[in-house]
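Below you'll find the structure I mean.
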Amino acid sequence: MAATACPECEGSVELAESLTQNEILECPDCLSELEVVTTNPPVLALAPEMAEDWGE
Amino acid sequence: MAATACPECEGSVELAESLTQNEILECPDCLSELEVVTTNPPVLALAPEMAEDWGE
Amino acid sequence: MTTVGIIGAAGYVGGELLRLLLHHPDVRVTGAYSASLRGKRVDGAHPNLRGHTALSFTDPDDRGAHDVVFLAVPHGRAVEHVRALAGTSTCVVDLTADFRLRDPGAHQRYYGEVPPADDLRAAFTPGLPELYRDALRTADRISVPGCMATAGVLALRPLAAAGLVEPGVVIDAKIGSSGSGSSATTTNLHAERSGAMRVFAPHRHRHEAEVAQETGLDVRMTATGVEAVRGAQVLCHASGKPGLAEADVRRAYRDAYADEPFVRVVAQRRGLYRLPEPKILAGTNYCDVGFSVEEDSGRVLAVAALDNLVKGAAGNAVQCLNIRLGRPEDTGMRFAGLHPV
Amino acid sequence: MTTVGIIGAAGYVGGELLRLLLHHPDVRVTGAYSASLRGKRVDGAHPNLRGHTALSFTDPDDRGAHDVVFLAVPHGRAVEHVRALAGTSTCVVDLTADFRLRDPGAHQRYYGEVPPADDLRAAFTPGLPELYRDALRTADRISVPGCMATAGVLALRPLAAAGLVEPGVVIDAKIGSSGSGSSATTTNLHAERSGAMRVFAPHRHRHEAEVAQETGLDVRMTATGVEAVRGAQVLCHASGKPGLAEADVRRAYRDAYADEPFVRVVAQRRGLYRLPEPKILAGTNYCDVGFSVEEDSGRVLAVAALDNLVKGAAGNAVQCLNIRLGRPEDTGMRFAGLHPV
Amino acid sequence: MTTVGIIGAAGYVGGELLRLLLHHPDVRVTGAYSASLRGKRVDGAHPNLRGHTALSFTDPDDRGAHDVVFLAVPHGRAVEHVRALAGTSTCVVDLTADFRLRDPGAHQRYYGEVPPADDLRAAFTPGLPELYRDALRTADRISVPGCMATAGVLALRPLAAAGLVEPGVVIDAKIGSSGSGSSATTTNLHAERSGAMRVFAPHRHRHEAEVAQETGLDVRMTATGVEAVRGAQVLCHASGKPGLAEADVRRAYRDAYADEPFVRVVAQRRGLYRLPEPKILAGTNYCDVGFSVEEDSGRVLAVAALDNLVKGAAGNAVQCLNIRLGRPEDTGMRFAGLHPV
Amino acid sequence: MTTVGIIGAAGYVGGELLRLLLHHPDVRVTGAYSASLRGKRVDGAHPNLRGHTALSFTDPDDRGAHDVVFLAVPHGRAVEHVRALAGTSTCVVDLTADFRLRDPGAHQRYYGEVPPADDLRAAFTPGLPELYRDALRTADRISVPGCMATAGVLALRPLAAAGLVEPGVVIDAKIGSSGSGSSATTTNLHAERSGAMRVFAPHRHRHEAEVAQETGLDVRMTATGVEAVRGAQVLCHASGKPGLAEADVRRAYRDAYADEPFVRVVAQRRGLYRLPEPKILAGTNYCDVGFSVEEDSGRVLAVAALDNLVKGAAGNAVQCLNIRLGRPEDTGMRFAGLHPV
């Protein structure tokens, strides 16, 4: 499987053959949600994130 | 190894070859302390027990 | 001002007596006794009292005269102090088990030891305001019941008094770690006691005898140590007399406790806290009691909860003192309890 | 290799199935299904699995074919999945309550709803190895019992089978917060649930019906939520048949469980852990059972403890699978549990 | 009698305000506002208040007139209420973060949003009696600081004011689950939040800005959620100015807090509770502060602990009210706290 | 089969060694030594081992010969055992602090006592696989680091080695009650230790010296006892070298731990468990490490968590043994940990 670097943390994100535009992937290292911006070449960008509540 | 029944719970208590009188054994099932009263034949009796604190 | 001495003041019940009495408007604490901590500051042992007292502990052997003496000593050790005060008019409020059972045979059976002499025992009134309020107004020897006993009696007494249940009752009691006092043993080592569900009394917990004594029921009590520092709860499983209706049960509780300052009937159909739970009672003198009736089968569950150190010990003792002094019963004990907690 | 799919894999029981099955030597997890987390990594929901899997969740609507399918979905939702697999030879291990009660009337009474159709229900074997081991060897539809039901059945069955107790039994059950699953509600809000002693089922807890079904006893079960995440304990209050001796009871337990890999008889006279307690069982597939007999009165207390997510759910399911696959029953489940904890 | 309304009365801070104000001798609670629970009894949401009030919640849209209004609403929602009262002489005590930071740039930076208009902000006095007592005597708009901010300020202010430490300070803060309020989210699910050591703010916790504002130090604050319902503690790691002696530090604290009713200096050489700990402060309005100095290296550790819902919110607000009303500051807040607990 | 003896087998670390070694495929436990429990069953002290062993404790004075001896005795008591084995080729794995510090001056300063003789000390290799793997392959004297030291070293070493941070680092450490062993003292009495946030080492916790030794940083460590039985967490507050970018930090951790079987890098942007937390590590040999970088200010927070009895003691020791025996490092330690918990 092809892989590319997470734009957020440089972790290796695996890319399926059947990548589609706007698909949301998840970085295995930092768990960021990543949007497929273009498929050829594959470019990922941080998906617009709903602020997630986390404590306090 | 020889074994005999725990006088308290009938559990099987293993007896070493070198059993000595007044030795204290422990029953594996109920953890009672057992005193070797006679060695031949081996007879066990419940050892005089210090009341052990256990809650409340 | 009534002067008060506390024997066993370094213990958990002693500390709770100090917390309640140091701010009591009609009382002055004139002696806090501890052998092991004599000469040490009281707020060293009880850090919640920092800023509330400058008292130090006194050796029990140097006991002074007080109008009222509270005994918060280990089980079996109250007798010597009561004996020493025999013949005086000092009011003695005993928090141990020594004078709780009227029947010497029961004492022997449940405690495995000879009960105190008849003349000493006969002088004691049970320190349970809900049942003995009138006698307490003039009592000079008061014996405060056990914590789970108080919960059990208050849970079952309305049912028993109204004849609503069959005699056989199973009580499943739970209690926090402060119930075994302040001495360090493996039993109460944090790493062992944390998260415990320890059935330390599978049968015949001693408080069973007190519940039987005060309700006339044939009670069996099992007790389990659970994860909590303070708090006790009893679940009393009973069978209703034939034809029992929930309305009868509700009425019995209401009638019994309508005017009680420290018993609340909690049996709700909605919300998170439908039946009594100890955590919201920590530090308060409440005993919440509740019930659930399944009319088809006639099954009745009576539930009570309290803070073992307050309504289960020190608070109940202070309530008795307030009655004895003719003061409002909640004097010094208006703390409502916390939520969330 | 047996392929396995887990429906409801994002939940607490689903997570526990993953923990046990990802390292199972004879099994490959080929589908972890979740609608709400489809496409997300499994170790995001179950952080203990970091480094143990690179799996992501799949939408249940895209279910593939698996040799075995585990259903760890909410009560009432297993039926649709079972129906979808009707006629196939896929082995289905259902962890919900949908197929537990043989008597449709009991299902109606305890769940207030119409039970699944007879033909679906008839195919299921109860997933309780200690009682149904032989049938499980060839079962294709397995219904794992409730967590407190398993505890109750294993505690009482030896007594019932040997005819040692009277039929009427009161079960007082305690359970930790994981027992109500992973969805956030006020009930399980930390500030409310912490330190709780919440009698959420004063009567007729649903698991009562299962204990009655498997023991033939006339059981009443009360359930209380206590401070714990994992763990369930039952205290079963029974009356021995006339003349009952402790030795008879001990022998009944010994005989019943001598060869069981996951039932230990714990009834000791010394030490801190004399009767079963759940905390030392967290993560293990043990159900410890114990007892205490008071010969004078004939009172019997039977106690059982387990981890509600393991022997009370996922572990029991995997034990059934091992039996079905003809593997040693403890395959993948040799973790001994922790102490102190 | 001063009439009081509480907006956000169904929340945790609102409940604590009710607990303190329902028994306040100079105050009458004439409005407890909640949209979601309008018409429901107050003691349904706050079970500790059973027997203490018959009040029900009112819809905030039906707000009446009160001498004093407390705002215990979510962050960002106080502005609308303050605006609605603009021009009136109603005393407003705001418990949100909306009016805490004087510097609009800091508000923007820490909260990521436009601060309230200058004229609204300018009217507010910080609700911190230890620093603003005089201004509070006549203040009509009071902004109570954050819970960990109060702890941090009270821990560090004596050192900063006396110039004893270098400016750079690292604050490591811990807090219990009630700090995030009463709405149910996965974050606060019991099974997830139990036993947590969750670093939810690795940098720049918002309360950092308040500590910087009131001490002039260059503070960095990290915050961790730990196993507790109530309670916050800060550990402030500082470096002493060259030649710093422990005696100077002790004197600085003593001088600063000698007359403070709710700040106790706790820095002992013996005993179990040598430095401040929140558990014995639950339900009290104390902020205990302490310190440890290592003279060789010049390292200073300043520690403070409080109950986030009391001195960290509602109690501090009531103390401000007492000052504003010219009453003894501890009116309604004489509870000493519990031990053991 | 390698034969193994454990001195101090009745303690908490000893119990954990037994749990791991009794199922280790290459090892046979041929001696479990305890003076106080000699002759008693091992599963009496360690109830989780019921059904896993029939061993009894042996008096340490009757020590037999073993290929490997683990020393899990109190601090200061390892020396006598090491001396007794001097000159033999028995492999000794010491879990006490006796041989951890290379610098005798540091030992003297931190422990206030004369260090063991040079020749004894010189023989020891630090039992930290991540740093000393190669030396461990042939080591016959191994000194396992302290629990919070291991966490601190693993958190900081990648930053130090890559020169990414300034030397001055503040470590705020938290630890559960099992960290102080199994003897009952008031310190660890459940009612006192529960819910604690006890700063027991405001300065210079002894593990500070080990972190300094292995990282070369100028470390100061404060330690607090928190509510937990197992688990330790360190928060390391550092300042990045000028221009530090988060990507550099992440790369440093990745490179350092890419091939480590028991170190996971946990620094996530979403989810509940974004940074290392000990609760999901209970019973496992993981040390999770993570970080957060605030690029503007150059602040770096490094976090590590582990189970003090496993990766902080017994598990780390077994990992060293596995290296020494040339076995896969995770032999006997594949338990993934629990969630929820």
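Note that the chains take the letters A, B, C, D, E and F in the order they are written out, and that residue 1 is the start of every chain.
We take it that a contact is a pair of C-beta atoms (placed from the backbone, for glycine too) under 8 Å apart; a residue touches a chain by one contact, two chains touch by 3 or more.
By chain, UniProt protein names: A, B = Alpha-aminoadipate carrier protein LysW; C, D, E, F = N-acetyl-gamma-glutamyl-phosphate reductase.
If you're wondering where the values come from, they're calculated on a predicted model, not measured in any experiment.
Across the assembly, the mean Cα position most removed from that of subunit A is the one of B. Rounded to a multiple of 5, the C-alpha superposition of subunit C onto subunit D involves a rotation of 180 degrees. In terms of the distance between Cα centroids, subunit E is separated most widely from B. Taken over every residue number at the interface, the positions common to subunit C and subunit E amount to over half, indicating a same-residue contact. A straight line joining the Cα centres of subunit A and subunit C is 62 Å long. Per-chain CA centroids place subunit B at a distance of 39 Å from subunit F. Centre-to-centre separation of subunit C and subunit F, using mean CA positions: 45 Å. Centroids built from CA atoms put subunit B at 66 Å from subunit A. Residue positions 12, 178, 182, 185-187, 191, 194-195, 198, 229, 272-273, 340-341 of subunit E each touch two or more of the other chains.
Multi-chain contact residues of subunit A, defined as those touching 2 or more other chains: 31, 54.
By the touch rule above, subunit B contacts subunit D in their complex via residues 8-10, 29-33, 49, 52, 54. By the touch rule above, subunit D contacts subunit C in their complex via residues 170, 172, 174, 186-187, 191-192, 194-199, 202-204, 220, 222, 224, 226-228, 231, 233, 235, 237, 272-275, 277-279, 292, 294, 297, 299, 301, 303, 305, 340-341.
For subunit D in complex with subunit F, the touching residues are 12, 15, 19, 22-23, 44, 46-52, 178, 182, 229-230, 264, 266, 270-273, 280, 282-283, 286, 288, 334-341. Considering their complex, residues 24-26, 28, 31 of subunit A touch subunit D. Considering their complex, residues 39-41, 44, 54, 56 of subunit D touch subunit A.
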